[in-house]
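For reference, chains read A, B and C in written order, and residue numbers begin at 1 within each chain.
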Amino acid sequence: MIEAKIKELGYILPEPAKPLAAYIPAIKIDKMIYTAGQLPSVNGQLKYKGKVGYNVSEEEGQKAAELSVLNCLSVIKSVCGDLDQIEQVIKVTVFVNSSDGFTNQPKVANGASELLLKIFGNAGKHVRSAVGVNELPIDAALEIEMVVKLK
Amino acid sequence: MIEAKIKELGYILPEPAKPLAAYIPAIKIDKMIYTAGQLPSVNGQLKYKGKVGYNVSEEEGQKAAELSVLNCLSVIKSVCGDLDQIEQVIKVTVFVNSSDGFTNQPKVANGASELLLKIFGNAGKHVRSAVGVNELPIDAALEIEMVVKLK
Amino acid sequence: MIEAKIKELGYILPEPAKPLAAYIPAIKIDKMIYTAGQLPSVNGQLKYKGKVGYNVSEEEGQKAAELSVLNCLSVIKSVCGDLDQIEQVIKVTVFVNSSDGFTNQPKVANGASELLLKIFGNAGKHVRSAVGVNELPIDAALEIEMVVKLK
């Protein structure tokens, strides 16, 4: 049902991204799943590269946030088998690759938060921290990690 | 009792800050409460703006950390009803808006940690990460998130 | 057994680092231990100082990551008594003090992740976020925090 909703909203759940390094993309501990930081990539190809406020616009940043969230959901699915198992999205942390003087991280991060609300309704209501950073892996425009609770 | 202690220490618990965007300020999962990142604001007005080490002093940074912690407590109260329900403060993460060359994030973050110890005693003893970042939402001097366990 | 493995790999578990400030180095909540952010220090002496990509090489960054992970394990041991109590390493967060233009945080963070795999095998498989930041406490080359679950 959740995957149908994602399609209905016009989005595609990417294949789970392979970690860039020696770690795993998601882990289940009791009823919680924690994801590794997810970049805005599709099939291992980075789609949004650079600094928001410089060579990435706010609108592109929002699209990047949507894509990173979809990657989070994809790696969560790879662990729990079915996104309908998610009882509640708990926490989203958004690291925005920010040019000097760019302070609209919340607007960028809304790309992530609003998509989760559209997909999950009340179960998508989460706490969030959005911060700027000066550099990210492979010059990604942002990196997002998520914690969810299963039913 | 905890709220009386906050008053006795000369502090005021602000109204819970409205999120800047599409998320919720705090969430309760089993016995844990996670907060969203809290800025040093009162009634939606940012009180400490700019970079520590440039146009915000270390002392102002400490005051900003106190204010962000009070905002964390305020949103925690909005979820659990009563700060006396807190059994233990677990974790505090402090993102300090840092000018180039400013490396005294721990001193700034002590504004948060010391206030928690004064308010909660042993129940206020927490782990902490304090890091510098180059930009934060609406140019806030810092952003703090907290995790607590309820009785 | 885990401590023997650390020695066998040629590493030394440092004394638990004293926090730079008013917080505790690790906390146990139910079966989870959360660490404070750990710097690449030995006996209170910072061993890797500066920005990766400028005055700290990637290889030095990896060594710094190994040292911070050993400090995480040391403070975890100070709380649970014995590293054999660890059932699973859950999450590692790596904040890399990054010069402008340095985007190879994953390679640096691999110093941490690969050491955990060598020490713990499957129990060392964790999720990870690695991000760049413009400044860190006392100009440390990186800061690492960890979450583990006990048996």
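As a convention for this text, a residue touches a chain if its C-beta (ideal position, glycine included) is under 8 Å from a C-beta of that chain, and two chains touch if they have at least 3 such contacts.
Remember, predicted model here, so these are calculated numbers, not experimental data.
Visitor: If every chain is a node and every touching pair an edge, decide which shape results: line, ring, star, complete or other.
Guide: It is complete, because no pair of chains fails to touch.
Visitor: Interface overlap for chain A and chain C, more than half of numbers shared or less than half: same or different?
Guide: Different: fewer than half of the residue numbers at the chain A-chain C interface appear in both copies.
Visitor: Taking each chain's centre as the mean position of its Cα atoms, how many Å separate chain A from chain C?
Guide: Inter-chain centre distance comes to 25 Å.
Visitor: Going by the touch rule set out above, which residues of chain B reach two or more other chains?
Guide: Touching at least two other chains: 133-134.
Visitor: List the residues on chain B that touch chain A in their complex, please.
Guide: Spelled out, the residues of chain B in touch with chain A are 19-27, 29, 34-37, 93, 95, 133-139, 143, 145.
Visitor: Please name which positions on chain A make contact with chain B in the complex.
Guide: 88, 90-92, 96, 98, 100-107, 109-110, 113-114, 117, 125-134, 149
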